[in-house]
């Protein structure tokens, strides 16, 4: 119809360069492979110790990635400690009720997902700071409720002992954490490669425009909540099963909400690799700092976060040369 | 070059300054709005800039006050280059801006809005009481409403506040952007009368307007802006008589 | 979508078509401000209808009432024979209403193709991703954006942005397309291209309602014109008719009264 | 009945501190448009400076208060210059991360330099109290409340009666309008952020007298301040006063009248925030 | 002479074969005050042990690790000490949550643990079947036993009848609160108030108002150092008349004794720097010599005793074999700054060190903490307000 097209004669179709190619998944696959092989690497005497670090890194990765999935729909949550805690408590209580752990784990995740729908429904119209504070308030309320339930129900403020995951076998625990991270990565990829990506990204980048284009924000915002909180709850299950003990103060602490946020921003928002990579780099950096600067390592850590925002606003993923929009996983 | 049109009845208490724009290009992000604007207002002159929506009138004024940074060209105010100066400096040099949409401080009283106008220079502060009296003379309504929040005023009253606020700095050049927007004819008339009176005191006035008839009647000289360029200039009367102006507006 | 090059040229008197959009006494108040008052008009199948008026006349508020950004304080709105007054934006989209914004609002972190895919995927219920992608391609070709499909939206020129805005709205497969000053900021040559684009849209069977300031564009494009002033409808008719109306002229050029200098 | 009045007084006294901390935060949010998650850390700095002045120089915290306010104003202005200023146009998320990082940095700097111990300040008026019949009002608390009220009054006088204050409000209400009448917006931002930090520090001085100084003392107050400014509506300074009183009194009521209320008072408050936000969002819907 | 020289050289050269003890402490985070105090105690003990010839003829080595007061950090650090640093014994441990978290790897590696802190009951559950778990700090129920003993004394001699309880809503304050109330009632007290508060919030106004209405003889508060001054201030300000304000924070605010508000406040401690006990005086002198100051944190002498007794047990066993060292350790019977230390079973674990009898009750009198109960340790008569 246009003059441009008339000149060209036949319709031109540019090669879909920016479509996601299998190649884009290579770094991610590489990461997962490396993580899978980690227990078998010849690390000598440090192997067991590094395996423990790696376990908690995987948990941090699951948390960050799950947070990122929610953030992709424009919802910047400070409620991830609540989902984490709900997962941990749900799991512990289901075990107490006699469920086998393999069943307790997914049921706890789904329960947290269900609760998140309530939160999602009432915060539907909030954005920015208001949304953040509302989700923070939700976390506080959930924590207080659990803390004030009779001790016989959920351990009260003292907390609950949780049976060791997989009999305390650290390799098996690592394998399970790896599996759950891989599952989270798969979910994240599924979100990235299906219609969900278009819905989430459109809502985030222009909620009104998205609605004008027919995107049902209610459905997709809630879906983002459900997916994200269920995954965060799985991280909580891993934590509970690894440390044998949960209490409201620690599982619902603000730090558990803030860590996935900072990790994702540091790694690179709205990507699958970014949050996972961010978790790894930050955890390794923390460990190295811990051993080198000892007393002041958290000072340096804070400084690193600040500098990364000032010099690296798009996170680690922004370091890749020729990064163009759209092609990232 | 426009000497013949200078007002003879002006008794310049405030000395007007010259505003000169040469080869101005500017825009927002990827949207270039001004391509090559040349415009001049002699001291004490009343110049109107007319043109259809999107022609670049507002952008021209914003470039003058330093809110929009030009990509090319030169702007001088009383001979001083202000091309990329910060807005605070431009105001200090004597420019008063009555912006489109008034840009008042809605939760402050009328009086506070006016006082702020005089706050930025020591000279204006020193004469603030006197200037306030002049503004109240110009707009008696503002005195009645002095304690009312600006956001609760009618559109016309808000426009008065915007003009008054700019005058409080005792500017030598006053640029006014679409003062009649959303105003009743009666209110429009009040505002325009005030502008005329201000100009009569020697202040250079550059008026951007969509109300062609009224502004051309008022102005000594006028420019027609189209697609970011000046396409016509002449005395107000000459342009008013020019059928091409009307056609440009209504695409007859 | 039918091919873009159909029987071109002649502006058929569209008022014979079925009605696609009918506003009955739409009003909107913001606090004390009556932004839109008692606006009624009918938009027919295949018609290009322009809404014009001086700055602040209430045009954009009207468009927001039509697309569902605001709920009206009074009045009803019918779309394709259905009352959609209380429907949210996404439901109106599903019912056949498309909209392009005055200030282009591409999703900045998506490619051009992805931007259009959003419209194709969610514009009507039950669309699947592969088909939506294909339709997005087709639309990019129609709107001359195919060569830029993989660019990020922020890499486009303004004209391309406008094309994208239209392509994305078209991707929702609308019966009526609302265009909000899509010519704003374009140079004359570009505006001509945009006019051709809008004509093409109509020829593909979509009715168009647009707001515009650039009068030559209105003259060249509109079958019928609704003139607004101070939130009310001042006049309706062909371009020639309304510009001959002295009330319209004075709304545009200002009153001649007053100020006997 | 006496218990009820005493409860109201308890709540009211507590609200002065809340208002002081929240006003500073509201100033940063309203004028500069930055949500400073490190706000509590400036309170902590103020508390430690007061403690240091008292412990090492023997200066009463209330006497060192003006010096501390000026010092922390300078620290805040410096913070603005080297960090905040560079993210003013960045996405909200990046601003959040920056101030989170700042908070971690400052808190751990204090921990590294001073250790985690709780420090207390000794003042002669600490144990004083006013008795009004059965009603008793703690001396330092009343003093702190009075000082907070005085400072807030002064803040309001500055904001409403001085040129600088009007400039701040002008920038908050209409940034472009402020620019166009010649206000140096960057300078106003710097001052507003500095004042915001100074207000937190002043609250910190009072906290050191009433409670204690420790590296984590800021968190409790910062969290409440966030809740208060959100409840008041971001940047609404007058609303901050009401929300602070509401928080203080509702806390006191819950603590007094709900069995085991001390454990519930936070939850009740956050529930109120949550409810306010949600209600407002649905009422705001067209 | 020659042999002595040789021994010295051997001592210097034989680092590789030295006995290594891993010490896991909260050096940062919430528990860092106790952790840092313990670290000082360990280092003092290390100096003395090595000056006296080390362990098994070689200098003893300590490997410190920071658990950050967080279970997720404690687990890797514990594993690092055991598998990388290959320590022979583990010591330290302050927080209950981190201690429970490391119970997994501890059982997996059969780690020998000489543990100083972690008084919460779930810790006892977590280590119930661990064969090499030596717990120095009394379990929380022993604390309570001690408190009840003191209160019963007050009941008999000071006619204290009513108790108001204020406890922080976290795990420290809330643990077993119902049992506490029951026990007081059973002992014939009237519990007139049981109130939670949020630690660190400093807002005690409503709580004290409520207490005032309840007119208790004793206000028993379970909280942290941050709550001490605000509570004391509020009580004074609202003019709440008490027989005794009694608190059990893990540590007290720095300089609290100099504040007049601390006057007559009573508390519980395993140890006081002013204790007349000979071992305590020796410890204080040694500590002052090394660090130039006196500490009031009982975790410093506790850590000191912990390492000294462990080293002694190893030396007696003549080997690092866990079973043999455990057997020797179980026979420990030494005098310490806390009184005599022996190990005997607790409710669930096999080797419990200090128990209820080791607790001291003190009062802030003048500018110091002064032991007032048990009477045989009292340096001054207690001040009872009613």
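Order of writing sets the labels: A, B, C, D and E. Residues in every chain begin at 1.
In this section, a residue touches a chain if its C-beta (ideal position, glycine included) is under 8 Å from a C-beta of that chain, and two chains touch if they have at least 3 such contacts.
To keep track of the chains, here are their UniProt names: A = Branched-chain amino acid ABC transporter permease; B = Branched-chain amino acid ABC transporter ATP-binding protein; C = ABC transporter ATP-binding protein; D = Inner-membrane translocator; E = ABC transporter.
Nothing here was measured: the structure is a model prediction, and the numbers come from that model.
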Field: Chains touching both chain D (Inner-membrane translocator) and chain E (ABC transporter), listed by label
entry: A
Message: Comparing the two chain pairs, does A-E have more C-beta contacts than B-D, or is it the other way round?
response: A-E
Query: Comparing centres built from CA atoms, which chain ends up most distant from chain D (Inner-membrane translocator)?
result: C
Centre distance in Å when chain A and chain C are each reduced to the mean of their C-alpha atoms: 41
- line: Averaging C-alpha coordinates per chain, one finds the centres of chain A and chain B separated by a number of Å equal to 54
- request: Determine the centre-to-centre distance between chain A and chain D (Inner-membrane translocator), using the mean Cα coordinates as centres, and give it in whole Å.
  value: 32
Whole-Å separation of chain centres (CA-atom averages), chain B against chain E (ABC transporter): 77
- line: Note: chain A residues in touch with at least two other chains are 147-148, 157, 295, 298
- request: Any chance you could list the residues of chain D (Inner-membrane translocator) touching two or more other chains?
  value: 111, 260, 263, 266
- line: For chain E (ABC transporter), residue numbers touching 2 or more other chains are 28, 169
- request: Please name which positions on chain E (ABC transporter) make contact with chain A in the complex.
  value: 27-28, 66, 70-73, 75-76, 79-80, 82-84, 86, 96-97, 100-101, 103-105, 107-108, 120-122, 125-126, 169-171, 173-176, 178
Field: Residues of chain C touching chain A in the complex
entry: 4-5, 67-69, 88-90, 93-94, 98-99, 101, 105, 107-111, 113-114, 117-119, 121-124, 129, 132, 137, 141-144, 146-150, 152, 168-169, 171-172, 193, 196-197, 200
- line: So, in the complex, the side of chain A touching chain E (ABC transporter) is made of residues 45-49, 51-53, 56, 59, 147-148, 151, 156-159, 161, 164, 168, 170, 239, 242-245, 247, 249-250, 290, 294-295, 298
Message: Using the touch definition from the top, list the residues of chain D (Inner-membrane translocator) that touch chain E (ABC transporter) in their complex.
response: 3, 6-7, 9-11, 13-14, 55, 111, 115-120, 122, 126-129, 131, 136-141, 207, 210-212, 214, 216-217, 220, 251-253, 255-256, 260-263, 265-266
Query: Which positions of chain C touch chain B when the two form their complex?
result: 54-56, 154, 156-158, 161, 184-185, 187-188, 213-216, 218-219, 243, 249, 252-259, 261
